[in-house]
Amino acid sequence: MDRAGFLRLEASMTGLPSPDEVEGWLRRLWPIMRSITGAGQRLTHDMLAELVPFDHWDIPSGTRILDWEVPREWVFRRATLEDPAGRRILDAAEHTLHLVNYSQPFQGSLDLAELQPHLHSLPDRPWAIPYVTSYYAPHWGFCLSDEMRAGLAEGRYGVTIDTEMIDGVMRVSDCVLPPSPGEEDGGEVLFSSYSCHPSMANNELSGPLVLAFLYRALAALPRRRMTYRFVLGPENVGSIAYLSRHGEHLRQRLRAGYVLTNIGDRQPLSLKKSQRGDTLAERAAIQAFTDRDIPHRLLDFDPRGADERNYCSPGYNFPVCALMRSYFQQNPAYHTSDDNLDFVTAESIIAAVEACVDICRVIEANRIWRNTAPFGEPFFSRHDLAPTLSTPGVSADRQLLARRWLLNQCDGSRDILAIAQRCHMPVALLAEQAAILAQAGLLAPGSDHAVSHHLRG
Amino acid sequence: MDRAGFLRLEASMTGLPSPDEVEGWLRRLWPIMRSITGAGQRLTHDMLAELVPFDHWDIPSGTRILDWEVPREWVFRRATLEDPAGRRILDAAEHTLHLVNYSQPFQGSLDLAELQPHLHSLPDRPWAIPYVTSYYAPHWGFCLSDEMRAGLAEGRYGVTIDTEMIDGVMRVSDCVLPPSPGEEDGGEVLFSSYSCHPSMANNELSGPLVLAFLYRALAALPRRRMTYRFVLGPENVGSIAYLSRHGEHLRQRLRAGYVLTNIGDRQPLSLKKSQRGDTLAERAAIQAFTDRDIPHRLLDFDPRGADERNYCSPGYNFPVCALMRSYFQQNPAYHTSDDNLDFVTAESIIAAVEACVDICRVIEANRIWRNTAPFGEPFFSRHDLAPTLSTPGVSADRQLLARRWLLNQCDGSRDILAIAQRCHMPVALLAEQAAILAQAGLLAPGSDHAVSHHLRG
Amino acid sequence: MDRAGFLRLEASMTGLPSPDEVEGWLRRLWPIMRSITGAGQRLTHDMLAELVPFDHWDIPSGTRILDWEVPREWVFRRATLEDPAGRRILDAAEHTLHLVNYSQPFQGSLDLAELQPHLHSLPDRPWAIPYVTSYYAPHWGFCLSDEMRAGLAEGRYGVTIDTEMIDGVMRVSDCVLPPSPGEEDGGEVLFSSYSCHPSMANNELSGPLVLAFLYRALAALPRRRMTYRFVLGPENVGSIAYLSRHGEHLRQRLRAGYVLTNIGDRQPLSLKKSQRGDTLAERAAIQAFTDRDIPHRLLDFDPRGADERNYCSPGYNFPVCALMRSYFQQNPAYHTSDDNLDFVTAESIIAAVEACVDICRVIEANRIWRNTAPFGEPFFSRHDLAPTLSTPGVSADRQLLARRWLLNQCDGSRDILAIAQRCHMPVALLAEQAAILAQAGLLAPGSDHAVSHHLRG
């Protein structure tokens, strides 16, 4: 039984993508007109299914999901604006952001003054096209740079918005990766991202791509205890739908979860804590970052953000953090055309996948052990667990020290993460030494009761 | 139901006094020879009854009150000291501090050496008359400046102390201001001060005056939940008497209390915490100071001070703080003739009244709510609680953020104060938004059990 | 009943040794060839029995003790090394460290190359002889300075190691000092040190000497509540043996314990905390150091060190700290011939004894009291506990303040140490004033339940 094996498999992490592969995927996904429903969102899921064997759940419009209902499906065909001279000055085929997302259909000509309420631009960022949506109130409109808007001449403008609202479906996809055959069942780890944003790279092609490559990397590694669940849907309404179906299952099974979002830019990783703030999710991530010297920032929970707001709503209050780089509104490119393919890097996306694998390693390694010879320190020499010759300096040996910490701390109430934090040793070392002590019969698995108390996050 | 109304009534705070009114009261109360019993104390209560409809409780001498008994009543008529030349050099009619408070009667002439044990002065503050009392051992004496004492010539001095100890009464007054008609019952808030000090302005005309004007201000405001109790008696023995009668009632009903003392000088407000240190009393005061940007100091509890020592004695251990400006012995004018009408300002007294009203607003607004749709974030658009058009920047809107925090945090265990502290938002904003969410049916009152646990201070 | 008496007996602390006495003992004990078993260890115990009326427990080789068994007894007679010229260059009679402790017998001649694996020296500290042991694997060897080793010529060396492994005994000694006749039973305080190290002064003649002189000092003082237990054996295996016999007794009775080690050098005192980190042991020591202005360092627990690793093993998890000066490996002289008689001072040893007595005073004084008049402040004047004349400044009197803190805090749940920490007053003052209040009937002993909860460390 090589319980520590999972932790030593860096060399065999064959699932990691190359920078070229990441860039190829970014270019493929970029131009699609995505929204919370519709063909663009389904196409995106179909393409990512090349990496992840997703189950697609197409939920009919009008289905009740918690306090919400599934919106009608948005059909997009074409959207253009012609100036008084008949020149096509905006075309959603050139940049998906030019159309207000979820625009109602409209065909006609308007004076500039009539058109203005349907135009959206950013005076503070005059070169950029904003990302504007109107999911839940009928509206149509165009988004453009403030510079361009300032140059619009008086006269009549021709509007063609060929869209349609139909009774269709909204897609949420998931995939469950169980432990390797014959292994234990230690509960589930959730990774969740969203696929409803049109042409913006960091927010949100980065999250789905990290999720997909992470699946491939974990599928190639032995999994000793954890089941991994990957969820992709439209932001907010997608996790609402998912929770409406799987919320009770997750309440029983979920040990840690991470919403992946805005994770492809050049900033260090940020961990936004769960509402509870001290669950296995943040404990494992912080320890993984510490053990691997990964620069990172910690952010307190707040109820804005992406799907964590639903996972952390008071009825669920799940151990779910958000893992990101730049934080939403603190990023000036957020929700504008400046969030483009230059704003993200393949290296950032690959490093995020690696960091997620590191977190999973920590969670896999995190167990509750119980010292089976708790009265006094065991006789190391009899168990062949210490050097027989005591010379000055040798007792500082880190492996021996790890064994001593484990034997001292493993009273059946503490998990490896708690011990790592107390003794300032990496989880990998502690898990490896715990396996050796277990082999020698000096550690045994802690009680179920203690496990449920501690490992449920 | 306008639950937030109480918080918006700044403009109608008609009960606040003008500086002229405060100064008039200070001058009226100043010359009275007060003590823990006697006509001066009763007169003070009678005068303040112009502002507060007090019930006067005149307790007979000798009545057992907890570990104490009500002392005999002190009758003061006249006290003078004549020098060997027959000149009247001290007269309690000129400054009440000249007579040791509770002096026994004495008439006779003494040599200077015989007189000295009956003279009290302050070598370190040679210009000031000290405040000396001898309630519980028979003594007579005069207080004078050390400078004057140094100039006393040898010879015989004529002493006239026309006082008397009789079986009389000690007065404790109170007044209870209930919630406005038809409102809920959320327990009681106590304000307590004392009226036994002769001519000192800060300690203690300021406390009774803040108490009286606070009554008037609160009586003019709608009161949604709380009953306000105002208590005035002699220091220490007065609260002992009050607790002997009302201690059990307060144990059931008291949510927060404040001893008002030394609160008229030029220092910022100081909050001396209760023994427990984390009750509703300090939580509400600190939040009110924070929300209103009121400069203040926090002092840890200690068992000296004024009546808080009794309210916080271990048998009661009530949520009672002291609210003051300069802190007792840290103020060099304390208990001397330097604590005069120039030492206090009407503005300080008015600002203290306003701060107390602010604290009461916070307590009134502090409720436990429960999210009635706790699974996922509610569908704001359906409830008409969010802008329908999502454009960059708008989701930072503070009202919407307050709603999100409330829905996330209102699990039936946290009160508004706890939420305000977590999300760094003012109680007024949170209470206003909670009322809107309650109107929409998304928040309901928390359970009684949770209320009793949290709101009992 | 003079409960505070123990605290005032500084003047009569007749048991303290003089510097000459300490130095005499250091010189007597220095040259003995000690090990975890054998005649040298027994001789050391016999000699120290002049100071402490020890019970000697000689445990037969092979006895099962927890996870261990008692090793065979090591008989040492002689150990020399002769160079190729026949000169005796090493002799354990000149320095006990020259022989690897527990060396197997060997007689013969070897080439230098054959000899090298049996030589031990310190390249980083080339002048020093290291201390090397091989208790649990058969080995023989010599320890010498690296400088000397570098000068060894080629040729054949003559080895004489006249030792023997026999079925003998291992000695653990203890002594129990009960409370003075007629006093209460407040549980036990443990002092533990070890006697297996050959000629090193700080590690470990200092610990046994502090332990022995502490016995003499405490035996000369009145002991109001505590039983003192003194344990001396070989390091590690000795405490294993002791716990195998007395572990359950200590679980019932032990309130605080201290392993005395490395306590004679010139560094300030260090307290290494117990595994629990907040027991009576560290609370009392820190308070004693604070009250007496004893410079000290606090060290977090780690599972290395001396016998504390066994006392703090998870099956026991006792309130046992280590009291030392320089900390093991952080001391470059540790486990080398530099830990000699110049490395320690008689003054450091005497000061350590005094500090231990101070700690015992605090533990003796630490009680849980209950205010018998908890409703309001008691009427001090009636109980004759306060000055009857109130003049400015006098209420700051520290004795009166201590009384107020005690009456306020003694709700039957807090011990004197907790009150001392809250009010920043010395335990001696609080205990003295508590005795006065108890005399007046205002304090009574707290409940057994509370005592057991708080005082069990």
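A few remarks follow.
The chains carry the letters A, B and C, assigned in the order they are written, with residues numbered from 1 in each.
Everything below uses one rule, namely that contacts are C-beta pairs under 8 Å (C-beta built on N, C-alpha and C of every residue); 3 or more make two chains touch, one makes a residue touch a chain.
Small disclaimer: the values here were computed from a predicted structure and weren't measured.
In this entry, chain A maps onto chain B through a rotation of 120 degrees when their C-alpha atoms are superposed, rounded to the nearest 5.
Comparing the residue numbers each copy contributes, chain A and chain C share less than half of them at their mutual interface. Averaged Cα coordinates give chain A a centre that lies 54 Å from the centre of chain C. Multi-chain contact residues, meaning those touching two or more other chains, do not occur anywhere in chain C. On the side of chain C, the complex with chain B involves touching residues 371, 373-379, 381-382, 388-393, 395-396, 401, 404-405, 407-411, 423. By the touch rule above, chain B contacts chain C in their complex via residues 66-69, 120, 122, 130-137, 139, 236, 239-240, 243-244, 247, 275, 302-304, 309-310, 312-317, 329, 334-336.
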